[in-house]
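Consider the two complexes below, in which chain A is the common component and chain B and chain C are the respective partners.
Coming up: the complex of A and B.
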């Protein structure tokens, strides 16, 4: 484990009460001030992974891991109150659904300050001033009016800015954003992602950004982890992964999105079949039934290529690399 | 052949005025839109949410009446059609909705979902041949015949969208309005559905009105592109021309959002 890692997950597995495996053997590392993108289709376990770091899983899901540490502290060995205080102060969370996350009947100013007052020994006035300042920093021009508003009076982009300001209240070292722009229009989307970028570069906060939009991750994240059916299939430097993808799923994922610089007369490539929803508790390759490149080497337990800055879960890639 | 034509259509809604409890104010959802749908061609409508693109689709499918302008079906005003002609219009203009599961009755089996429109809209209907055609069409959209006995809740989103497409195609329509029909699907399933729609168009010569917020998808599907923003058409023209040489700033923003680098996206967008 790297000493300066902000987030270190090793061997995370999440099971439902019914015994189904949702996420299996996920390992991720995030250095200080880095921005990690988690990419994948729906049902690939991106959100479950993020929520198990924050201990926000629904009660019927159980997470277990070999090691799960935030800022070098093992959060699995903490007691519940310790963990709440630690995560509440050091980790911010930005949700996808801006409507469901804010209480519709409580003014923005109280929602912004509640969590902060809970964990910090300070006055209400100081908290309100802090909230006001943060709203201005996230690009809200009339912060005083927004403070006195109810969430329903704000647009989707404004609500997402309020959520981001709320995540920043305790000066976290890490922000986990779960599809933060999916519900927003493309112009607002651009502004919100730029805001995340400036939080990352100017406030030096590490960010985990979950998104199904590969372009967005390619543009803004230093590192990327591609997930498929509850497993991480490829991680690495985002420019390297996107320009020379190694795992067949990453390659396929990049080629199925219609692009504006492509000739529309050329047929779009497809990935046949569907993402498996059950039977994930196996050592074999889960992408094999849909894979265009699978060979004899692919039967049996899947092997992983663990390079210095690249991880690929594919037997064929391992064989080609001579590992 | 021109099947559907919109002439200067507009739509106004009465919405609640935030300043008063009982006053209503007028919201202009769509203004002065002209478009023509020819058989075998696709017109793509792109814009962000709230720009009026779904309203445009609903007006052309006669799910909403325009508050200005007219919709012509084969040269005749939709409002002036006789009852029998209107039944033909309903059969020939089909719709694929964004959320396939919500557009199906959860208590119907796939067989009932597929055969009911035929029963209502086709002049000669017999149950056995309808079932046979439904089974054939399922094969055409890449599903097994065993799906006929299933309920929508037993199928995935991609499979349901295939059934929605099969339901529309079984009536051999002249026009299909596809309102964000791939937005709820994952990219790997999206590619399958887009290719399927293109293949079926080549085979049956159906015209599509393809509505989406994704400029890449619109570019792949459309012969002609209409860009709408706040209810106004800001750009309209041949697909390749609009993408390669956009004249409007908003179109440029949309195109820039599809690029890889932060710099390219910024120059275009902000």
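Coming up: the complex of A and C.
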């Protein structure tokens, strides 16, 4: 484990009350000021992983891990008040859904400041000024009007900016963004991603960004983790992973990204089959039924390649590497 | 906001006008001669004819209607045949009874349903939730006349805590008055409780399931602040609307409970008016009840407007 790691997950497993395993043996690390992208299909456990890190899982899901530390603190052993203070002061979260994340009946200024006022010994006025300043920093021109507005009076892009400002209120060192651009149109998507990029580079906040959008991760994230069926199948520096993907699933994901220069008449390519929802609690390769490259070596427990900057969960890759 | 209010007031007036008209026409159509009823079956046809003329019953119906509504607007609601008194005076005599019972029972229902409904939602499937769900079912299922008699038998007759029947006016002491309306209020409250708990519980469950509760958690708000400021705030709207409707209904008097507890309220006045074919009184009562319903729902709407900014700013509701 790196000493300056902002996030260090080892062997995270999330189970539902029914006993089903949603996420199994996930290990991730993130250094200070880094930006990590988590990619994968719907149902691959990206959001569950992110929410486990912030202990925001719904009550019927249980997370366990060999080690789960954020900003050097062991999340799993925290008491409830400690956990609240930790959430309120040290990490930020930006949601996918911009419609219901802000309370429709409460003015923006109150929602921006209420959490901050809980944990900072300061005046309401200072909190409001801080919120106003942050709204301007996230690119809202008429911050005074937005402060006095109800969320329903704002557009989706504006609401997401407010959400980001809200996450920044307590000066977090880590922000986890759960598909922050999903519900936005593409112009606003671009603006929001640029905003995250500047938060990362200028405010030096480490960011975990969950996204379906591989191009976005490739452009803005230092590292990438590809998840499949509740497991991390490949991690590494994003340039390395995107230029020479090793895991067959990563390759498949990259091959289905539509390109501008492709023949408009041609059918878009796809990965046949579905992400398995059950039976995730196994040591075998979960991608095998859909894998185009699977060989004799792939039966039985899957082997993992653990390089300095690369992790690949694939027996075939291990075999080829002679490991 | 102001525009909305004016629009709302105008539509309330229109409703009142339409209801007054329909009541009048319907009552006109029921068989039976009012003059004959007043004078009795032994009256000579001459006398009946003379009274018909004096009561204006020989005029065309629209003149009769205009006479009546004109009187109402001037504050003269007509004279009851049965009581020989002004209808407005009669209503004013009965009002305190019906009002105090209605308000007390709504108070009981609102407080109990708020406590039970919120706790049941917070501790879903706990014994408390099961209790709330039972009350929900029973409140709706138990007939009020049976419950009234049961309460009378146990609390008034056996335990002697409350008078069995009758109404003690406020002028004879607050405590005595409260005791005389306590049992009927409880009986009515239980009837309303069923629906109200259901609404409170389900709106609270919906609110707790919303994404803004996640946002409250992310900000590290203590659970109590999150529940009060976030969940309750969005869960109160439906219960306010429903309890407004319930109050309006109770203000119109409750025939069965008033009869069983021998309370001289609007409900019993209405029963007498119907039994005796007292058309003028009946018209007055229906108009009064309608006005109550319109007024209460107007006030309810104003409260909801105060709570929900989406309505205030004239937008579509933002909450899902």
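One rule holds in what follows: the second predicted complex is superposed on the first by the 316 of 323 C-alpha atoms of A that agree within 3 Å, B and C clash if a C-alpha of one lies under 4 Å from a C-alpha of the other, contacts with A are read in each partner's own complex, and residues count from 1 in each chain.
Here is the rule we use: contacts are C-beta pairs under 8 Å (C-beta built on N, C-alpha and C of every residue); 3 or more make two chains touch, one makes a residue touch a chain.
Just so we're clear, the structure is a prediction, and the values are computed from it rather than from any experiment.
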Query = Regarding the shared-chain residue A:269, is it in contact with chain B (first), chain C (second), both, or neither?
reply = first
Request  = Give one of first, second, both or neither to describe whether A:151 is in contact with chain B, with chain C, with both, or with none.
outcome  = second
Ask   = Does the superposition put A:135 against chain B (first), chain C (second), both, or neither?
value = neither
Inquiry  = On the A-aligned overlay, A:71 touches which partner chain: chain B = first, chain C = second, or both, or neither?
reply    = neither
Task = For A:115, select first, second, both or neither according to whether it touches chain B, chain C, the two together, or no partner.
result = second
Query = What is the contact status of A:206 with respect to chain B (first) and chain C (second): first, second, both, or neither?
reply = neither
Inquiry  = Looking at A:50, would you say it contacts chain B, chain C, both, or neither? Reply first, second, both or neither.
reply    = neither
Ask   = With the two structures laid over each other on chain A, which partner does A:88 touch: chain B (first), chain C (second), both, or neither?
value = second
Ask   = Following superposition on chain A, which residues of chain A contact chain B and also contact chain C?
value = none
Ask   = Which residues, counting only chain B, touch chain A once they are in their complex?
value = 48-50, 156, 158-159, 186-192, 194-195, 198, 213-217, 219-222, 239-240, 243, 253-255, 257-262, 265-266, 269-270
In the complex with chain C, residue positions of chain A that touch it = 54, 56, 84-89, 92-93, 95, 97, 99-107, 111, 114-116, 118-119, 150-153, 163, 166-167, 169
Inquiry  = Which stretch or stretches of chain C touch chain A in the complex?
reply    = 210-212, 214-222, 225, 229-230, 233-234, 307-310, 313, 315, 318-320
Parts of chain A lying in touch with chain B, wherever the complex brings them together = 41-42, 185-187, 189-191, 194, 197, 212, 215, 218-220, 242, 252-253, 256-260, 262, 264, 267-272, 274-275
